[in-house]
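Per-chain numbering from 1; labels A, B, C and D assigned in written order.
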């Protein structure tokens, strides 16, 4: 085992897959000469050269659709969108082209593309640099949507995403980039489409992803001192998500909290709750709890009050526990 | 009263508001010379001229952001996006600029923009011309999202939207364009943010919007013959949506079905269900039902099996009624 | 490059006839309701796809538009399977899922028509990128209308291709109309070639003449194969019919339509072939009859082919 | 237009000093952690905003970029309230909600900096549209970097402005870098003015000299006011500092940075003013002292201003 930061784990995943398969390449703004705006590709340009670590003009639509064309012809692009907010510039590439090309062309083409993008607050970067938009992509048939909460997961999930033959929206979290964690020296994968019970518990199930998994774990720790036993599920893949693991847990705890950094309304948590209410409502012993950012744009100077944290998860858990049904 | 088609009701709304306020103008592809791809602005070019009925190059991002600038300077643009699918080309304009400009600039600016777009199937136009993406916009703080199910509503809601000082995503439905309905000769408005009980009932509440309201009403008719009493709520505004009316109804029927044309997963119905599960779960006597398109791109030749209809709503209602909790 | 061989010239004629007749047939069956959705025909514009695709091998790539039947045929698409797709049938290239706006044939490098104006331009650019990446000497072609050059996708793609000297030929078929509006609504320049100046991409404007197009396309494809980067070709044609079949063209006026129809790139070429004795009258008749039969056969195939089963709708979303 | 009056020349100097000193101060307080988020300074590039905004009235519009302090100051923003915004305070222009990347002052036509590269270009174009719509004779200015010209937003906006002959001046400050990559990554052309050929928009490239910029901007603003349509001005400057404060510029190399810093549009102008006796040494000192004090005062104001209350976060989303 070795200690590694989340951002460096991303780099290792890309590097290993590029070593393994010469069709894998990275494209995006400042990914080459500069090693990536957040440093995810540091050193890769020196190693793989400008053919495989491709700096682009500022043109998210252009290079994301370019990746679609390249993938149709057998390459395996990794696209870096510098901030998730900028994905608004290439929704057509992703939604009308990449997500649909396989199905729409009668399965003739495969689109093995990974589109990486960091989301969320943490840099006080304000309303146009802090959004969490995963729910959009989860609503689009043809995309997989993956979110990683720690260095171990991010490496294993990213490697799986690169090997996956479907387009994958791979969402990082800016505050996690510096997070340290322990990973094996040897190669490993973390499968897509499987959730993980990150903490076992019996009183309430928290379903979450990305940074909020860590916040939920913190909340669970605090609550355990008060004798509350929280189960924390990390979805890891939002689309297609692992119903089985979630439903099994709710079958045990009979209480549900969903937690994400995105604004609460119309966030991915809503879908989890709706599915539960559709399929296993009778398992619930209390109204569910939801954690998400408030319904306003991300704030610059009030960011710390805007971005949900362990305390918000704790409150949601407590309120679910207080209520019976 | 007079009979009028949905598409013509849209025209009347725009025309009346343009008569009323010289700051209102219409901009989009082929809205002028041609009177709109679906004919919504037929005759308006002749009446108001190219200054106020503005044909654009094919450049959704350009003219939608242009509308943002024009609105900041006091105009009241109506933007026509020809098919909702093409809104993927201007998500940056809508999400990063228009939705945020008021809040982000400390309330200095107002952005009275209406962005009209028709969604859904009905033309067998295939995967890139049939999408329903309202859930995306409902997830973005700063936008209102409105959907109209018939000629009366579309006229009244569109007039309200044009007068509203907030940006409004105004979603039409292509199959409704030809729908006939009766409207008053005199001016009227339908308020934003208010749902309407389109049919009273006691056994189950169906929450819906746009075309699926009409399908739900059909389903309700059929079921009434079988002695089932369905209440149909037309949300009309998806964001901010009218909790009060929905909750009141569920307090009466204790059963909930949500129905929309968009793919079911991560659709707007999920948010309705999640809110209910959060706020008034104890009112529910049975698992909820959900109606939405299957999780694949819209189909060309199988469209009629893809797009949800009255029968799907009926099935969802029946299955909710069969289950107890 | 030089002039095409006699064989090529005859083949080009055949292909132009095939496009013309196929689309005329499509208009007919569409009007009967056998084909659903939107149908955009390119009648009057057959010279461009043929002039260009004559330089391409199966391994070369092309990405086209909503008005893409001509390119697909010129690039060698199987007419039966294409017809089946247009009819929405099970054996269609896209399993009947997508129809006219999404014709694609991987085996012949046809990367797809596109329902999004401008959408295919960066996709074709990606194919050129892949060719260069792999050091094959494949070339990519991107076709689009003059209206599409208003989209950011056009700009972003050409900028990148120029910087990276990608092996691609951009072909703008300027047919004077984008949907229901003329050139002047879409740009303040006279020729689309001016757009290329923004990227230092060489550009040329040609008339709707298959031999001229063949010549310019030959140079451009050669340039691309040699690693000298992209070229933009504007073909000045005219749209004979409405934007889509069923468009009453009120915005255009009957005279203009009739005027457009006097310019017939197929008839011009036929005359030239006859005058130069490349073909005899009876060859022409034979070719037309053969192609007519081929199209009839394809339509019959499509008609008899079953629709996909509903259960197939849910298959193949993920691999 | 001709040369600026003496009064204007002095005012331009004052404004350049104000931008320089304000940003130097910002770098200092940012490094101390008083300002959060991203801070992009335009030191070395003061000539462009001043040369251009000298032709604008309060009623004229400007929409800028992430590197927009200079334009805001040149367009007359209140330094105290701007500082308060940069500090994230309650009295800031945006109520402390948005910070440096979103400075806006409606009362002076400052439509906002923008966190989205290229995002402001069509917005400014919309302001020009509004001016024309209302037949006022307002002019709009859009500023952006050379990197932004890669975005589709640039292309779509200029195309529209050219077609409609909107009263707008596009100012591209080509400072050689877009984030961490040089000009050559972003375009294959030598001068951004070539981009304007795609729209038949007149364009001119000027050195980083405030008087030259003033002259060209004067012509362009005049053209716009006369209803003759848009102009593109490229200003060839160099970025002195990193992309944002804190950027170690490993991609650039110390020498290049030092070389860039030898070219100082402010010092050049100061020398010229002294040589031509437009200002005396002691005037220069006085101006610098006054501005220094003004900035100190603004920073103190910002420092003392309270943060917004948490409850205010939820206010004002909808009107």
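In this text, contacts are C-beta pairs under 8 Å (C-beta built on N, C-alpha and C of every residue); 3 or more make two chains touch, one makes a residue touch a chain.
No experiment lies behind these values; they were computed from the predicted model shown.
The chains touching chain A as well as chain D are B, C. Mean C-alpha position of chain B lies 36 Å from that of chain C. With centres set at the average Cα position, the gap from chain A to chain C is 40 Å. Chain geometry summary: the mean Cα position of chain A and that of chain B are 30 Å apart. Averaged C-alpha coordinates put the centre of chain C at 45 Å from the centre of chain D. Annotation for chain A: residues 56-57, 59, 61-62, 85-86, 88-89, 92, 96, 103-104, 126-128, 141-142, 295-297 touch two or more other chains. Shared contact sites, meaning residues of chain D that touch two or more other chains, fall at 94, 97-98, 102, 114-116, 150-153, 155-156, 159, 163, 185-187, 317.
Taken as a graph of touching chains, this assembly is fully connected, with contact between every pair of chains. On chain A, the positions that touch chain C within their shared complex are 25, 51-52, 56-57, 59, 61-75, 92-93, 96-97, 101-110, 141-142, 144, 165-166, 240. Chain C makes touch with chain A in their complex at residues 61, 63, 85, 92-95, 97-98, 102, 104-106, 111-112, 114-116, 119, 121-131, 133-134, 140, 152-153, 155-157, 159-160, 163, 316-319.
Every residue of chain B that touches chain C in the complex is listed here, in rising order: 29-30, 32-34, 37, 55-59, 61-62, 85-86, 88-89, 123-129, 294-297, 299-303, 305-306. By the touch criterion stated above, chain D contacts chain C in their complex at residues 150-156, 159, 162-163, 184-189, 194-200.
By the touch criterion stated above, chain A contacts chain B in their complex at residues 85-86, 88-89, 91-92, 94-96, 99-100, 103-104, 126-128, 131, 133, 135-136, 138-139, 141-142, 239, 258, 262-263, 265-271, 273-274, 276-282, 284, 286-290, 295-297, 325.
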